[in-house]
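Two complexes are shown next, each including chain A; its partner changes from chain B in the first to chain C in the second.
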Partner chain A sequence: MNKPLLQLLLTRIVLAFVTLFAVSVVVFTATQYLPGDPARAALGAKADPSAVEALRREFGMDRPAVVQYFSWIEGALTGDFGRSIPSGRPVWEAIGPRAVNTMVLTVTSLLLLIPLSFVLGIVAAIYKDRLADHLISVPTIVTVALPEFVIGTVLIVLFAVYLRWLPPVSLINDSLPLSSQSSLFILPVLTLLGTTLAQVVRMVRAVALEVLSAEYIYMVRLRGISPARVLIWHVLPNTITPTIQTIALNAAWLAGGVVVTESVFQLPGIGSALSDAVINRDMPTVLAITLIITATYVLINLVSEALILLLNPRLRVASGKN
Partner chain B sequence: MAEAIPLVVQSLFMHDLSGREIVSDVSIAVKRGEVLAIIGESGSGKTSVALSLLGFARPGMRISSGKITIGGTDILSLSGRERRAFQGGKVSLVPQNPTTSFSPRMSIGKQMAELLAAHGHSGPGLKQLLAEALRNVDLPNDERFLKRYPFELSGGQLQRIAIAMAFMTSPQVIVMDEPTTGLDVSTQQTILELIARLVKSSNASVVYVTHDLAVVNVVADRVAVMLSGRIVEQGGRKQVFAEPRDDYTRMLLDAIPRLVAESPGPAADDTTDSALEFQNVLEVKNLRASHGNVEVVHGISFSVGRGECVGLVGGSGSGKTTTGRCVTGLHGNATGTLLFEGHSMPFAVSSRSKADLGAMQIVFQNPDRSLNPKESIAQSIARAVSLTGMTDKTRIGAEVRSLLDRVRLPQRVIDLYPADLSGGERQRVAVARALALKPKLLVCDEITSALDVSVQAAVVELLLDLKKDGLAMLFITHNLPLVSEIAQSIIIMKDGNIVEAGRTSEVLHSPQHRYTRMLLEAAPRLN
Partner chain C sequence: MSTSVLRLTLAKPAARIALVLVLIIVALATLGPYFSPYAFDEIVGAPFAPITQEHWLGTDFLGRDTFSRFLYGGRTVLVVALSATVAAYIVAVPLGIYSGLRRGPLDVVLIAISDVIYALPPAIFLLVLLASTGPSLPTVIVGIVILHSPRIFRIVRLITMDISKNEYVEAAFARGESWTAICFLDILPNVLTPVTADFGVRLCGSIILYASLSYLGLGLPPPAADWGLMISENRIGITISPWIAIAPALAIAVFSVAVNVLTDSFARSVGRSKEI
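This part shows the complex of A and B:
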């Protein structure tokens, strides 16, 4: 890789860390002002005040906020997110398996989303205003208008209640390997796909329409190049770059928006862990999860920007000349 | 039987989807090594005919009947796969706009190799053909050049590659669709010479589509004149040019701008005597302009007087457009002095007074891009009129109608949208919109170069009228013959400097600078 491009990427990475730091400050400050005392929430309303005080001391909550923040960030940087307040177990131990469940769910959705949206979008563009286009466009537009809990519920009614093919809830068992429970992921993945697919398909279709009517595509065709080659070597590369941003947006949405889908299917993931932690005033867990979600967002954007830079011959060549 | 004629078209008809006839009963035949020029204005169907020779119709158009025979095979009867073997192999196309005709994310070497591979070449044979093709068009055949992407090459270089590709597979028929229209004069000249040389050595049948009759004179053996989808006249070039039989052909020939030096008499010299008494509307002193850190205009000075038209002539990259943009306040990265009607004018458009902004108007090259497609003609012009402070709707309406009269557009266009008008009509709307603000100075940036000759002539006539009314004009163009018809004085720019300036007739009769002489020689002309 050439120097200026590397520099550009390094700047982006530094900015990513700045973003993470800023978010951690904001979230930490917010938790300080959240009504309710974590220690009292853990021990119950009737707890002995001295026990509450002891618990506060044990978790270091009696120290000034700034000191608490820096000791927390110090731990976070070394992978130690502290201990969960109600259970006293390390945070990571509690949310680790749930984070894995969420990752399997979102990554599977994303891996299906990308190829599917390109195939559907380009097919719709090629057969613009014909049957294939309508068959693709109408359902995707309908699903994009529906919130994920509606899609999830409809899927449950259809596949679990009516057809009885799949379980209505996705109660994943931590002690069994995930591969043996893959059917539990089918409906949640379909729900996430339903809410994201439409937007990406619309974008791919719009970009592909523009590319298909470009003069250079006619020229390539009039050179006698086969339709398959035209599609793969000329239409596809010019369709990908403008759609990366849209895909990144949807990927980022998947990382955060997974919360609702998880609660519809009662899937033990990071989203449901977050809502549990908020209810219990379990601040170390809230902080850890928000940071993980933010990091995912930032990472997705970083990767998409890097891809756009790498795929653009203009930037690649211009920076390579110096 | 005598040798078969490579290209024969018999009663070709083409329709658009609404059933309108676009091409009517066109029949042509082109022998080996012969160049047939199809001339006509935009909308005459010439490009549709040209593309049909590759068995192709643009979307929204279809080939309804007729026979197109290439090397004895009717290509319209072929299946998709068989037709592809012809496209690029037995019949090839040189496109109009080289910069938009290459796949942007593939190196040019790969695009050339892709064409050869599609027509059965591979390995060392392919490499050899590729090397030969590049040599034929005077381009370097090295790995570094082949790895370049289209955006790294100039329009002239890309057109050379397009030409190389068209000849590379030794096709029987080569179709050229306005291959030099997008290039500047000096490049145009070398490309024309290149085409002439390759046609001679390849012995292919060539169909050359153009609206530029002067170019026809350089390349064509025979000429077919098209009007509204029909061929109105067809014959040897000399015969058609010397004794046109059809009225339309005569009109086309008359509409071509000629260098005043060749045809003394027309418009430009009727005002030469008063030329010295011009009161300066615009004075530019020591103008320097930069793009980023690169200076592109190196300290030029000139002035434009009331009722005077100054032609600013130069090739692409000469800094002529930047100069026009500096004057109108669209390019702030500049130093020097601008005096407009005696007072100094800042470069940034945001620091200019409203009155000054109205008093100086610019019309751009491409009316397709300067008119809002979602606004009717009336709305477009009315918006400009209301900027003068006029609020009364009926008065604005009356003003819009009088502006349309002034640019000689019929009142019926008032409720139409830009898409409903022809290129020339659209450009007149753009001029009307500029005039709405009653400017003292009009900057015209290549305003005729996107137009057909006859339309061009009408726009030029309009400008001459406006000049008589006292409007000062800075006319930016690369077209020396055109400028000689309307400008009293000419400024020739090259690489950001003025290389020659003076009265039009003097510059054309006794050019002092080498570059001016080159431009004069490069300008294609009739006879």
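This part shows the complex of A and C:
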């Protein structure tokens, strides 16, 4: 790898860590200084002041905030996120198995999102303003503006209430292998696809339209190369780079979208754990899940920036001259 | 807004249909409570009773009239989404103009803050905020304002920087005109069009965010009627009477899709097809 490219990549990596550090400080500070004492919230408004004080001591909340921050971040880096306030159990013990479910849900959605959006986007571009385009473009205008819980509710009504093909809730059993419960993931995956597919398809369609009208495609066609070859070897590769950012944006949206989606289907993941923790004001759990989701979000953005840099042929030419 | 922009915006039938739908939802949300046959918290029968002449949408999990609750349930999402979006512009437009014209240390600080907010997934940010302060509508509005502001700020700042390079702005400075006069007479009119073009996208975002929070039980607390909450609190009865969930889901869907289609058309008519 050449020098300027390496330097750019390293800068991006350092920036990602700085952002993550800043976010962790902001989130931690927010839970410290904003009104509302987590210990009091956990015990209830009428709790005995001495009991509140004892709980604060037990969880180390009586130490200075800076000390608390560093001991928290030190633990977090080694997978120790402290203990959940209402139950007293280690946070990781509760969210670890759930993280696996969330991983399966998001990775499956992403693996379906990418090929589907390229196929639909390019088909819509080839048949611009014809029936196939309308059949693809009109639903995307609708789903792009829908919240996850609306799509999820519609899917439940359709597939669980009227057709009775799938269960209305995705209560995953920890003691059974996930592969035997794959049908429980169908509706949640469809929900996440519904909210993300629209934007990526629209982007692919717009880029593909531009590529299709480019002169080099016209020249390739004049050379008598078959339409299928033109699509696979010339159109598709040129739509990838401009679309990466949109895909990354939606992948990052998936990281947040799991909160509502998992709650809709009562799927035990870290997203539904976060909304439960917010309602119970279980701060250690909120902090842990926020850190995990934000880290994923920052990482996805970093990977997409790196890919755009690596796939940009102009940077390769510049390095050839050096 | 000039009449030609209005005509262009409503040129397509889809935009005209969207306008009618937006007006219907706004009327439903604001006037609905005056036409409701029962009070939103009045228990009128058995839970999940079927649709009858007295109860057009049946009853909910506590035996309250679903149709009455549906008529009450749109107010909050309308008020929260609209006020949060407008407030975000009131906060971010002056800051963006100031930052773009003056630059300096405040500019650096504001850019750094917006970078941190960008790095947080929106839904996660709101959840952390509500976890630490406890759920309340003012906090939700403040949270949505904080989420929208950096995005508006960035656009306004860039446009201001661009405009301030123009000769007529330099001439105004040379004539010794005051900063306030330059901001209002030279910068603001140029900023307004691109900024209003994005208003609908953000309004749609606010609707989705608030409705989702309400669904998660972090909006208006029970026994209040709120479209998002109505869907989640009745979810155990969805197989018995699906209309309890379909009606509010449809209302939210129509509202946000129609706002999206209408403002997309508006953005095109002022020459902007995409969000920056």
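The criterion applied here is as follows: the second predicted complex is superposed on the first by the 300 of 322 C-alpha atoms of A that agree within 3 Å, B and C clash if a C-alpha of one lies under 4 Å from a C-alpha of the other, contacts with A are read in each partner's own complex, and residues count from 1 in each chain.
By our rule, contacts are C-beta pairs under 8 Å (C-beta built on N, C-alpha and C of every residue); 3 or more make two chains touch, one makes a residue touch a chain.
Just so you know, these numbers come straight off a predicted model, no measurement behind them.
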item: Fit-or-clash call for chain B and chain C when the two complexes are aligned on chain A; value: fit
item: Which of chain B and chain C A:Val286 touches, first, second, both or neither; value: second
item: First, second, both or neither for A:His234, with chain B first and chain C second; value: first
item: Broader residue contact with chain A after superposition on the shared chain, chain B or chain C; value: C
item: Which superposed partner A:Ala30 touches (first chain B, second chain C, both, neither); value: second
item: Partner chain(s) touched by A:Ser226 [first = chain B, second = chain C, both, neither]; value: first
item: Chain B versus chain C as contact partner of A:Leu146, first or second or both or neither; value: second
item: From chain A, separation angle of chain B and chain C (C-alpha centres, steps of 10 degrees); value: 80
item: Partner chain in contact with A:Ala277 - chain B first, chain C second, else both or neither; value: second
item: Partner chain in contact with A:Trp92 - chain B first, chain C second, else both or neither; value: neither
item: Overlay on chain A, chain C to chain B nearest C-alpha distance, Å; value: 5
item: Common interface positions of chain A, toward chain B and toward chain C; value: none
item: Chain B partner contacts - residues on chain A that touch it in the complex; value: 213-227, 229, 233-234, 237-238, 311, 313-314, 317
item: For the chain C and chain A complex, residues of the former touching the latter; value: 115-116, 119-124, 127-134, 204, 208, 211-212, 215-218, 228, 231-232, 238-239, 242, 245-246, 249, 252-253, 256-257, 259-261, 264
item: Touching residues on chain B, where the partner in the complex is chain A; value: 51, 54, 56, 58-59, 80, 84-89, 92-93, 95, 97, 100-106, 111, 114-115, 118-119, 149, 151-152, 165
item: For the chain A and chain C complex, residues of the former touching the latter; value: 19-20, 22-23, 26-27, 30-31, 34-36, 38, 41, 141-142, 144-150, 153-154, 156-157, 160-162, 168, 252-253, 255-257, 259-260, 263-264, 274-275, 277-279, 281, 283, 286, 290, 293-294, 297-298
